[in-house]
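What follows is a set of notes on a single structure, which appears directly below.
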Amino acid sequence: MPLLAPASPHVEVDAPLLDRFRAVRGHTEAFCAPLATEDYVVQSMADVSPTKWHLAHTTWFWETFVLTPYLDGYALYDERFPFLFNSYYVQAGERHCRAQRGYLSRPTVAEVKRYRAHVDVHMVRLLDGLDETAHRTLADTVEIGLHHEQQHQELMVTDLKHVFAVNPLRPAYEPQPHVPALDPGPANFVAFEAGLHEIGFAAPPDASTGARFHFDNEGPRHRVFLEAYALADRLVTNGDYLAFMEDGGYERAELWLSMGFAHALEHGWTEPFYWERRDGQWMHYTMGGLRAVDPHEPVCHLSYFEADAFARWAGARLPAEFEWEAAARTVPMAGHFVESGRLHPASVIGASGDGAPSADALSEGPALRQMYGDVWEWTSSSYGPYPGYQPVEGALGEYNGKFMCNQYVLRGGSCATSASHIRPTYRNFFPPEATWQFSGLRLAKSL
Amino acid sequence: MPLLAPASPHVEVDAPLLDRFRAVRGHTEAFCAPLATEDYVVQSMADVSPTKWHLAHTTWFWETFVLTPYLDGYALYDERFPFLFNSYYVQAGERHCRAQRGYLSRPTVAEVKRYRAHVDVHMVRLLDGLDETAHRTLADTVEIGLHHEQQHQELMVTDLKHVFAVNPLRPAYEPQPHVPALDPGPANFVAFEAGLHEIGFAAPPDASTGARFHFDNEGPRHRVFLEAYALADRLVTNGDYLAFMEDGGYERAELWLSMGFAHALEHGWTEPFYWERRDGQWMHYTMGGLRAVDPHEPVCHLSYFEADAFARWAGARLPAEFEWEAAARTVPMAGHFVESGRLHPASVIGASGDGAPSADALSEGPALRQMYGDVWEWTSSSYGPYPGYQPVEGALGEYNGKFMCNQYVLRGGSCATSASHIRPTYRNFFPPEATWQFSGLRLAKSL
Amino acid sequence: MPLLAPASPHVEVDAPLLDRFRAVRGHTEAFCAPLATEDYVVQSMADVSPTKWHLAHTTWFWETFVLTPYLDGYALYDERFPFLFNSYYVQAGERHCRAQRGYLSRPTVAEVKRYRAHVDVHMVRLLDGLDETAHRTLADTVEIGLHHEQQHQELMVTDLKHVFAVNPLRPAYEPQPHVPALDPGPANFVAFEAGLHEIGFAAPPDASTGARFHFDNEGPRHRVFLEAYALADRLVTNGDYLAFMEDGGYERAELWLSMGFAHALEHGWTEPFYWERRDGQWMHYTMGGLRAVDPHEPVCHLSYFEADAFARWAGARLPAEFEWEAAARTVPMAGHFVESGRLHPASVIGASGDGAPSADALSEGPALRQMYGDVWEWTSSSYGPYPGYQPVEGALGEYNGKFMCNQYVLRGGSCATSASHIRPTYRNFFPPEATWQFSGLRLAKSL
Amino acid sequence: MPLLAPASPHVEVDAPLLDRFRAVRGHTEAFCAPLATEDYVVQSMADVSPTKWHLAHTTWFWETFVLTPYLDGYALYDERFPFLFNSYYVQAGERHCRAQRGYLSRPTVAEVKRYRAHVDVHMVRLLDGLDETAHRTLADTVEIGLHHEQQHQELMVTDLKHVFAVNPLRPAYEPQPHVPALDPGPANFVAFEAGLHEIGFAAPPDASTGARFHFDNEGPRHRVFLEAYALADRLVTNGDYLAFMEDGGYERAELWLSMGFAHALEHGWTEPFYWERRDGQWMHYTMGGLRAVDPHEPVCHLSYFEADAFARWAGARLPAEFEWEAAARTVPMAGHFVESGRLHPASVIGASGDGAPSADALSEGPALRQMYGDVWEWTSSSYGPYPGYQPVEGALGEYNGKFMCNQYVLRGGSCATSASHIRPTYRNFFPPEATWQFSGLRLAKSL
């Protein structure tokens, strides 16, 4: 029973801008349907933003980067909102302190919704009668706005999960019974020969996936030489990870990065985030409520530190981001995305056919599975610029480039990512201690 | 135009317990009438609790200390609530982290109101048919419960003021136009001779005020010798304080306690809390909205550090709490309390006759005014136990005694205090850096 | 075998100023005799100052407050030293950050000693030929300087003890074998009737003790009414305190101030400072080295929080400082001071006759013992000004008054205090969490 | 006049182990000759270790990894020293807290020197009569030990510089007059074509440099494809950097990484570390004392954040570490190292011929200069493992690998590095906020 079924009408990536605008905006609001007013307000840690803030910030984005410059005579809905809802765009003006987003009871949820409606009306007016020339002028910024809103949709899931999980009542977003996952069996390694690869986004539409859009950090396309390597054919599961824990994984400094072990010790980490021990059993909080950890599901909410330590314990390592990208080109872009409505990673052996290969297909020998969806896969690659990297001009140039420090790249999307948002060149990034995203790993080896 | 007029029906202190229970509980809810649901949720600093939490905690108090021990067969409304809504009573069980009260979107406001209604029904049943014997058993605890809820009513005002004030939108609790206050003229000192005094609460009802209840920290009654001293006949005003500021008060270390100056420097204090400079004018946030600082109103939201520095600058000092108490015995217990509906301190020269002496009366020579209401008055006295102090038995013994460290006593009540809550022996206490309460000062001198 | 025997020639309090100056300065240096150069440099926490700094700061004090104003033509030894060696006198100019005193390898110890010698030569020249008039002008400031240097002598002991104790090698200041203390037997309470007392320093010399000097915080003399009370006739011992520990003292929140329990929990306190468990036995670091805790010696290095919790556990309380002072007036000012050379508190039942009553004397009924020396006694009194308090004029007015906040008064001196430094009216003060001083307690009760 | 001339007899990299052991150990001690005892003790921030600690830690390294396993019957000099002087080798046992190395006055400097002498005697005995077989067994570990001690020699320079610089007296290590540097003229870019490169250490001895040793993090050798790029032919100078400052470099967020701008703001950075403004002139602390900033010397003590912001301002970027390595292969390994005795970076246009090309040579067109020595050059590369990386076995495997997180690679050595310590494949690494190393930059561009 999907958590999010009615809320994500699939829209083709080559649909008209206006249709896609309506679909993306609609999904943001559909996600909120099960929420109480109070749920929109809370910021449970600095990394988390209140749902209300996400609703307003995405709206501010349209107002600031599309309506104000492109719609003649547009007046700000409220002159005080840019200060409140600018996130980190220094060139777009002063802004409210990030860690205090949860201190704002006003504007109320109803007011924020009126703000959204107001901006939507004007956006529709702008996009509706767009002639060819105007379209070319606007299209790139509108594309960024759509992908921006999709990113915040994913953050709304992970942030709200955090808000609910730290509540001793452990309320569910939508209660959902758990169906035990099928055993995926042991992982096998798929080998790749040494060679030169083209990495990064090429001219749109991308030949293999049809993707038309990319963020500036995915380019320029350039050549990378990869020594021979192998990737596991599936994600690491809870069962795999439990073996690491039972082998003293969290106590053995020699398995960890020095910074990681210190962090784990300081924060008392002895199991993955959201896990808790009740009556001798490992439980974890999911968007469907608290339930038993299923050994056959992919392990999730790992930090880079934990993923790295697990890989070392397993006699393997994390893949470099380019190893992942070169390999991902060899498989179709399918998997469990937010459209599945599960909001939780699934076993690679699915009962239904939503992207996972059938048991039959698997009997034919190892092949890469779960490269997309389920969980973001930590790579060993520090997030940095590609050779010749140029940020977008203006305030939108702050979108990606200024964060290229002390963060690590994750690839492939998760169960909270829109199918129309992901692509092989997509680079997500988080600090190595981050755990509140749907983050897991796939093992790699040098050959 | 009072902010809070309809919500505080005055109930005589000697009315039956049930009537008083109804009145106090009703006032708590009446205060919430102007709030949006979102306003109940926010915790804008660790010292502040969400309004929702206050509503639930006061209810938990009745459930824990009255219904559970005294009402046969009473079952907890929700077994998970004591963990969430116990504040600091270690002997009453484990409890949620104070600094994270704002992380709880659930239970919702509506659920908390159902919790209140449930407990009210049972409380009324218990108090209604109470015979004489049962009354004697219960009365002391119910009295504590009533005063406890009144304390939280005051905190609801100050906490919500903080929530609104840190919001860049500066929303008003209830918009209210400002009527300029009358000039009280210079302060005069009223002298008291040296002598021995009885300090602390005597047997109820208190002879001079009719008060029947006191907290354990107001006793035992004991003798204190006071050398000759004098108290100013009115509170320090904003105008007085502006003169201190203009004389470099915040930059002159020699006027300050060492710890106070360091604190002010570290936190960038250059004016009282809630004050801000706009277009060359001093404004401050009030429950009626942001408005110009009125020089004739009492200065408010001062820390002990600021009050102490001001007094030194003025060639005076803060009164000791016993000096205040001995002096307060000489005047009637009248002033601007929460019942006035202003939620803001008023000039000692009032247009109306609500406790303030008339201009005529003042012409007869200096007399103590504003000893009660308007603002809590910082005293120089560290909060400690009286000789022979004994806390109440059981978990309620944690109410006062365990906080007797590094806090300073304030006396007299404020514009957010209920008239039926205050008395000459009442000891309020806060750490010297606290500013979010309605705290001001009256000057004193040794003779 | 005393640790410090040859270094403290006793000088009568009414000896000429010059003799007393020489004796006090000499004692400072004699204390350093056993040190290695490296020992002078280390600052093991912010509260601790390096020995080298104490040597220089006390010298700066003479230079700043005596030589510069009173010796014609005196030029600073080094113009950069006032910045380095001013402690906290804002009115005496800018100063180096306290927490970084241990970052200074230069000036070297030898240079600091040259600085001392230079200042001593000029001080002797100034004091030597002093006529009556000049003497009256100078005497008060020189007295402050002498007592100031004596305070730093005590701090040199406690600071160096900390430096040695945090070193895993636990080096001794001077190795010293331990002679087991005699069992003082159970404590008895000595009762005092209610009554009015004169508290604080009177005109010098003090009638009962001959003391000629007092700090400004000991006056003005004023009247205090004390309700009937009783004091234990001896200090609390290690054995007494072990019983508290074994009864779960550190785990029972109901025994503690709220702030104290939180502090103990946060810092992992489960025994007194300097105690450590080795091979099942309680050891503690002393200036003579690490040795077994002796149950018959006074317990030491307690915080106010621990002293308060112990007293509550014992069914008693801490004395108020005025109770202590009134009682102390009834006994001679004798005890184990720094002159004993032990640098560690001793049992009330001494083998020798250095201030402790004989076993015979004790058989005559309870009498106050150990009121002076051994350990500073925590009182329940917050450190504040007496009625009519006036600080000394000028920068020396910062000596005491500006610290009157969030500190508690200790009385009676310790084994690291000079006999000529203590008096009944002497008020020492530290924050409630401080443990690195020789601080213990005596029980009190209200009658 | 060199600061360090007599102390660094050059020893050929292919000299016998014993000779090299003697030379390296001797240089460590020679560096200390100008120090006072107090200078050995101070730890002025957590990153800095006291000189005394470096002396003992390098000795512990020989004792632990060579003497104990390889010298029959060797007994520890002091059983308590491994706890004190193990730095971070978890597998070598428990160790003292890094941030508290400055709390140890004992063992004294003299005792540490005795420890060194004791270990030297045994090392010489072991290395002296070594036959071929034993040599093969030991040689790798001894090589690590030699390079380890050379690394600590460099840290002794930078750590002591910090200790002296934070001292308001700004004492010099050895006073040294400054000779103004020659103007290097504008930088030119040297272009490199796209192509495949072998990166990392090959079989020893390295064909181009004769280097025989490498750390595990320099291998395995592997292929890297580089797109066309260019490197500046000289380091960025103080003059270059002043232009950035005068153009508002520290105030313009758009030039900075987000984390870098926040760090600069939080720490009040408005100029490079060790710079200070005196009488309108920029001065900086050097090992020769405080002196005017010379516009023609390389800028130094920059963080990664500042280097990155400067490069962006200059319309360029930092080089990737592989770009640097491929380019460095094209020039001889010469420059200003510690052997020059300057302990400060020099202009690329030198008066003497110690590695810098003559003005004549420069007239022939741009060529890479200053690739080695003077300052470590920040690269844009996060410090990570090469494909197939394997740490050394045992505790020495903790030497490098476990720090591969949130650090950035620096290349080329500095004026505090031994000439025999550096090589083209050498990877130094520090967090992006580190400034106390001799760290500067060279500009790069994509073509």
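Note that the chains take the letters A, B, C and D in the order they are written out, and that residue 1 is the start of every chain.
By definition in this document, a residue touches a chain if its C-beta (ideal position, glycine included) is under 8 Å from a C-beta of that chain, and two chains touch if they have at least 3 such contacts.
All values derive from a computational prediction rather than experimental measurement.
With respect to chain B, maximal separation of chain centres occurs for D (centres as means of Cα atoms). With centres defined as mean CA coordinates, chain D is found 39 Å away from chain A. Inter-chain centre distance (chain C to chain D, centres taken as mean C-alpha positions): 48 Å.
With each centre defined as the average position of its C-alpha atoms, the distance from chain B to chain D rounds to 61 Å. Chain-to-chain contact here is organised cyclically: the chains close a single ring, every chain touching exactly two others. Touching chain A in their complex are the following residues of chain D: 88, 90-91, 194, 196, 222-227, 229, 253-254, 256-260, 304-305, 317, 320, 380-382, 384-385, 387-388, 397-398, 402-406, 432, 446.
Against chain B, in their complex, chain A makes its touches with residues 36-42, 44, 52, 80, 83-84, 96, 100, 102-109, 163-164, 166-169, 171.
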